[in-house]
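Chain lettering (A, B, C and D) follows the sequence in which the chains are written, and residue indices restart at 1 in each chain.
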Amino acid sequence: MGEILLPLLILSPLAASLVVFVSAGRLSACAVGTLACTGVGMSAVISVILSVMLLSGPATGTLQVMLWPWIHIAGFSADIAFMLDRISVVMILVVTIVGLLIHIYAVSYMHDDPGIARFFGSMTLFIASMLVLVLASDLLCLFIGWEGVGLCSYLLIGFWYDTPANTAAARKAFYMTRMGDAALLCGLLLLATAAGSLHIGTVLAAVANGQVALSAVNMAALFILIGALAKSAQIPFQTWLPDAMAGPTPTSALIHAATMVTAGVYLIARLHDLFVMAVPVMALMAVLGALTLLMGACTALVQSDLKRILAWSTISQLGYMFLALGCGAWQAALFHLMTHAFFKALLFLTAGAVIVRTHHEQDIFRLGGLRHAMPGLAAAFITGASALAGVPLVTAGFYSKEMILSGVWAAHFRLTHEWTLSGHVLWGIGLLGAFLSALYIFRCVFIVFFGKSGTTATGRTSRLMTIPLSCLCVLSLCGGIIEMPMTFPPLHLFSALLDPTLPPSHADEPGWLVLVGAIVPLAGLGVAWVLWGRPSPIMREIPGQAAVIRFARTGGGMDVVYDHLFVQPFRFLTWLTRHDILDHAITGTGRLTQAVSTSVLRSRTGFLDILTLGGRRGIRSADHLLGQIHNGRVRWYAAWIVGGLCAGLAMAVLA
Amino acid sequence: MPAFPFNDTVLLATVLFSVGLTGVLVRRNMVFMLMSLDIMLNAAALVFVGAGARWHDAVGQVMFLLILALAAVETAVGLAIILRLHAQGRPTLDADTGNLLQG
Amino acid sequence: MIGHDVFLPTPLPVLCVGITVMLAATAWRRSVDRSFLSGMVTLLLALAFVGHHTGTAPDNGDSLFIQDRWTNYTAILIMLSSMCILLMSWRDGTHDRTTLVDEYPLLCMLGALGALTMVFSANYMPFFLGLEILGISLMGLVTFRHRPVMQGCEAAMKYLILSGVSSAILLFGVGLAYGVTGSLRFMPPITTGDVSPALPVAATVMILIGMFFKLSVVPFHMWLLDVMEGAPVPVAAFLAVVSKIAIFSALVRYFGTGDQPPFLNDILYVVIILTIIGGNLLALRQTSFTRLLACSSIAHVGYLLIAFLCPGRLQSGAITVYLAAYTASTLGVFAIVTAMITPERPDGTVIAQWKGLFFSHPFLASAMSLMLLSLAGIPPGIGFFAKFEIAATGVEHQRNLLLGVLIIGSIIGLYYYLNIIRVMMTAPPLPSASLNRHVRPELMALVIVLTVIVVIGGLFPARAIHPLLPVSPVVPAMQNEMTMH
Amino acid sequence: MSPLPALVLLPIMGGGLAWLTERIQLHTATTSPPSRNASWWMMLATLIVETLLLAGITFGHPTRTGPWLEHFSMPWIPTMGIAVRLDLDGLSLSLIWLSLILCFLCACLATRQVTVKSGAFYFLFLMTLTGIIGTFVATDLFLFFFFWELMLVPMFVLIAVWGHEDRQRAALKFFMFTQGSGLLMLLSILGLVITHDRETGVLTFDYFALAQTPLSPTLSMLLMLGFFIAFAVKLPVVPVHVWLPDAHTQAPTAASVLLAGILLKTGGYGMIRFNVMLFPDAAIHFAPIAMGLGVVGVLYGAWLSCAQNDIKRLIAYSSISHMGFVVLGIFTGSRLGMQGAIIQMLAHGLSAGALFLIAGAIQDRLHTRDMHRIGGLWAAMPRLSASGLFFAVASLGMPGLGNFTGEFLVLLATWPVSPAIATLTTVGLVLAAIYALRMVNRVFLAAPRVDPLLLKDLPARQTAVFACVMIFLVVLGLYPQPFMIFSGPSPLSVTATTSREDHAP
């Protein structure tokens, strides 16, 4: 049963995608939407059935399906094979359910776009690729999904291709992730060479029993980390994600918030046995995660574009996940991945609905006071914002963030014998990030929904959009209750789910940690209220002229740095070499031959011309003399003959 | 026994040959060039005569006659061509001017 | 001494009789067609008698003539090419019928006679006679150009003077050889006691240079371009094919096919390199078709000399195949050039005028491309196999320098051959309606036959060439002498 | 009776018939314009018969004896030891299949645009095919060289007569480069033959006999270099690639497809069959340089491809980049790399061929190849654009499509040899993304620049043809195993054929 359902899970959205693509232009928008939703819906149903099947089985049970051998050759083998275990269960549930909700939302959101078939084709193809990514039991097979989601992301960011900026953003996203992919590919090559296969179980076993040298493990982990960082838009690859907001909002919600960008997190969690061996890489990961979360939060604080705030917030939240992964808190990372998918999708979709109803106005300072015009959306947004900020007890975000922070607190890196890195510092950063999260998201809430009204809102949010929103609201609020902090009542459903596959990170933690973690978001909320929320806010806009602010607004200036460091030189160099240098060199040799032949030709009619070629005035008299002596053609020829005769005689006699 | 040693004959012939060659190379008048050619041919013929004398062989003289015939034919044909050129309106006997074929 | 029972290969008397008859006929009543016809018939007859001879060859090898497979092969080539050239010039493309030209076939026949004499000669005397018969009849032929008379006369004059110089050099050399050895046997002189050892060497070199001149090897090549350009197109073909085959045949006969003495090797090395590079470079900038073909024929002689320089198992095959390939392809090219000369385009030899030929005369253009590719050594023409054989002989002897030159020359050659094809494929500036599509039938037949030969020879070189392969051009006189002593 | 001679000769004969058909029609019926299709049908019929023949060979071997599927031998020039020796193995067979598929593509999509002297066009087209097939099956070195040169001539004419604006220069360049390097190969062949003759006293051009020639290391290296240069020019490897962009750009669509799709593969085929097989030791010594050249090719081709504005030129440079992988794979010295190179050749033949067809279709409609002037076509021609997108994505190495399989195998084989080279090569993959998406965002997914009314999308039939190619690519990407087994035995062929020598005449 599972053997049939598992391929069907992937096939269902894939088939929907193919049908939608092929029948482009012939089906109505409604039919296209229905088809896509059916495809994703089927896979959602199947994934629920499969989860139930798996969870009702033994704790370490997995579902393995080998479809067909892909590459079997001496020294290497790879298969098209899938595996469902407890990590993938979490992922497929998130992908299909959130995906389904977003698809339903998009039917209404995109109903009058002429390219709707392309949109839904790409979206369902994305779901299929994402499922391949999370289900693959072979790293090479995973790579298909890995690149597939990148391609779909490219297609969807550049969906409105009439504007060159959109396609530029799409290409930027693809190029930057592609760099990561190249690194990932190198990692795969390294592992494949060492282990002879890319089957995850084989690879991990080979790493575990010391078949792979430690340096190779470190190297491989580093390569894979780079791939994951690029996919998840972490430092130093973070710049593509804000630009990627050029795509339709459902795309941003699905791909650039809920699922694709978390692929890196999933990959590292999947390969945690490998990373455990590579301590420096883990430390690097944690530090980069911490830096990213801080930087993302700071940048989000000064943005004025609604979607960009959310994008930077995504980067920041992904930073949390990487921080957790780096500290070995695998379960916490996955837990946060799940809750983040819920509340960030909710935020994006709500923002999308708001934007649609305010005539595509994305600047938060031109919006304002919208809670009167659209109370439902306001409530949904505030729900999402609370979850993001981690308002204690009532939101999912609180529980997952709490789990991460407790994991980080306990972490301890032994880099060398002398150098160690304590998790407490990182914990501090995480806490600061939590404060900033609450600050920036409620800044957004207060500016957009409170205060005096800016733009006029028209229309109504359709039923198709509100249903997914309410579902997501519920999930954002209640999704966290399944896993309580240690000091709370013992409700640990999520850990129980993952314990067999991911090592738990239980540690003794002081009780005040939870308290601090609960107070900090509230403090952030309070400060936001003071600054922007009160009827007469302290500041409407953070003074925009200060260099620091400008710097922060551009995301730490990384875009500019990259532009000057890589893009411009690349453009210049390609412009320089747009004509093939080698071509010129070789054609030039040909020209030279022709020139030589010309001069040879001239030599036949007399040295005179050659000497003229020299163009020296002093030789003129000699020319004249030569011309007087050798002017005749026949005689000149005869002279050659005589010369040849003399040369021949000389050669022969002297020989 | 021969009146002229073969080497001396060859020397003389070489000198004659060189004179003819120089004539061909130096003179511009086509008639003079033909005459120089004849000198060269005769130098060759002289070698044959000397060699015939060395080996007491009549073949040398036969060759001499043949060469003489050749020289006559060449001169005849050459003069005919010069006449034809004249008839076509080329006034000069200069071999260097008015070349149409070159390059 | 020359025996009383004269050994004489039959084609020679047949040709002589034919020429006498033609002369008599000319005296009786002048008719161009009859003259051409009798020329063809004579050549056919001579061809039929090619393996025969009168009298018996003297045992000591002291005969005027010699006949073996090599002579027969080259004689056949010469006679077939002479027939082709007669056919080409049967009717002047310009339809200029003002002057009767029945001397033309007569001179052609005389030229063929001279060439054959050279081929069959085993003695300096017939060799010299053949050389001069060929040369003097060529002077007459060269002046046969009607439209620009001046060029023809100028070419003939140049040829006269220069060939006179070279003849004198050659004769001087022969005289020295005779003086050294006391024999007119057609072979390099061998040093005898009382004269300086430089004399035979000098004699050999002078004879060699006389031959080089006729072969138009660089640096003795200059006359060829001017003379070929000044001559009528069929005569240019005669110069490029018949005269060269004859002299090459004599060269091989004279020096034999064994290893050459070192000084000769050096000279040949230098000359081959100069010839291949020089000939090909000269061809690059030519705008006239006949001049270009002259340059290409210079280069081809260079390739042939490589095979001459590399004795061995592959040598005779290489030489025979190359001669056949060169003859067929060059004649084909000249036949097509002749066919392109029409009353509207009397001077059809300017390459630029060939634009759009591929569209107006697709068959002729295709055949032309095939011939040129064959000359360049590209399948499916016979030239491909020929060049392959030449390279094989070179590799067998590890003449690396020559091989390098061969390759460079071939690449340069490819450029100018392809350039012609390129020009033919360029779309014509005017609609092709103005072009005369009619081509004389006998030329068409000739082109077709030659095309078939080139293709069949290229596809089945073994079938076409194999019966002739064991030709071994050796000097029997030398062998006989050795056995005598 | 072996079907191999028929396989080789059929195209050229069919081509001759097609030409004749056109000539006869020209002379008899000038009134009915649609009748010019008769010669096209003749060509199609030829291709179909050829395909049937090939299918017969492919599937008609219930009992496979040894790695060579077919053998044919007939004396040709016995005195030189030259014979018409034709042998067919999996490698040849798969490449011939590729050729036929691409020929069908051209026949269906590209040749109908040829209006001037179409009969001659078909003849030359099929003559090229004969040369190519002959190259793939000849196991007599002389015969191989014969076919090698033979395929250049018709291609030269195709480019020079039916090409685009600067066609004649491009054609000349193409011919000069390939022919000139071919002469070096000729010398190598002769050197090998003569050495064999000296050692054993047998003058023969038989591939299998020559493979046994004992060679000193220096000589072996020299001879191998001669072969390598010829194949490197054809493939092309970077310093000698300069003919390719011009030729590909200026050639008519069908010839571009043939050039990129198959002609380049003869270079790769030659490297496998002659360089690596005949001179295994020299190849190992030479491998570092060759691999370096391969990497340079990958990077240089991709780099220049990023700078092109001419769409056909862009594809041409991308071909150089892809062929760099082939060199890399062949000279890794492992079976894995060889397999990767073969898969890469097949996949590149399909994807680049299809891209050239699309570029040709665009040029037929817009009369320009400049990407700045084409503008977005998606709105007006969704089918063509979608196909273009697919093949562009395939050529950037999307996993799951054929090109990735080849590239991955090559990289996998390279990694143990030199991780640095492999890492450098992956940079080529990033560059591939840049040029491919640059093209997509200029030509397909961009704001339209031309009046959409002028543009006609691909007809459904042609789209179906493209769809077939896409399916091929997907199959090659996701299930390459049968192809790898299929074309597998060839790399071991030399050792396997020593036993075969006995019953071969």
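Keep this in mind: a contact is a pair of C-beta atoms (placed from the backbone, for glycine too) under 8 Å apart; a residue touches a chain by one contact, two chains touch by 3 or more.
This one's a predicted model, so the numbers in the text were calculated from it and none came from an experiment.
Asker: Decide which interface, A-D or C-D, involves more C-beta pairs in contact, and give its chain pair.
Answerer: Spelling it out, more C-beta pairs touch across A-D than across the other pair.
Asker: Which chain has its C-alpha centre closest to the mean of all protein C-alpha atoms shown?
Answerer: D
Asker: Where the CA atoms of chain B average out and where those of chain D average out, how many Å apart are those spots?
Answerer: 65
Asker: Could you tell me the distance, in whole angstrom, between the mean C-alpha positions of chain C and chain D?
Answerer: Result: the chain centres lie 42 Å from each other.
Asker: Based only on mean CA positions, could you tell me how far chain A sits from chain D in angstrom?
Answerer: Chain centres of chain A and chain D, defined by C-alpha means, are spaced 37 Å apart.
Asker: If you average the CA atoms of chain A and of chain B, how far apart do the two points sit, in angstrom?
Answerer: From the centre of chain A to the centre of chain B is 94 Å.
Asker: Out of chain D, which residues touch more than one other chain, so two or more?
Answerer: Residues of chain D never touch two or more of the other chains.
Asker: Which residue numbers or ranges of chain B touch two or more of the other chains?
Answerer: 21, 24, 33, 95, 99, 102-103
Asker: Hunt down the residues of chain C that sit against at least two other chains at once, touch-wise.
Answerer: In chain C, residues 157-158, 161, 165, 169, 226 touch at least two other chains, as defined above.
Asker: Name the touching chain pairs, please: which are they?
Answerer: Contacting pairs: A-B, A-C, A-D, B-C, C-D.
Asker: Inside the complex, what are the residues of chain C that reach chain A?
Answerer: Residues 157-158, 161-162, 165-166, 169, 198, 201-202, 204-206, 208-209, 212-213, 219-220, 222-223, 226, 262-264, 266-267, 270, 278, 281-282, 284-285, 412.
Asker: Which residues of chain C touch chain D in the complex?
Answerer: Per the touch definition, chain C meets chain D at residues 313-314, 317, 358-359, 362, 369, 373, 378-380, 384-385, 388, 391-392, 394-396, 403, 406-407, 410-411, 414-415, 418-419, 421-422, 425-426, 460-462, 466, 469.
Asker: What residues on chain D touch chain A, complex-wise?
Answerer: Answer in residue numbers: 238-242, 245-246, 303-304, 306-309, 334-336, 339, 376, 378, 382, 386, 393, 398-400, 405, 408-409, 411-412, 415-416, 419, 422-423, 426-427, 429-430, 433-434, 437-438, 441, 445-447, 478-481, 484.
Asker: Applying the document's contact rule, which stretches of chain A touch chain D when the two form their complex?
Answerer: Those in contact with chain D are residues 21, 24-25, 68-76, 80, 140, 143-144, 146-148, 151, 154, 158, 161-164, 167-168, 170-171, 174-175, 178-179, 181-183, 185-186, 189-190, 192-193, 570, 573-575, 577-578, 580, 582-583, 586-587.
Asker: How about chain A: which of its residues touch chain C in the complex?
Answerer: Residues 593-594, 596-598, 600-601, 604, 633-634, 636-638, 640-645, 648-649, 651-653, 655.
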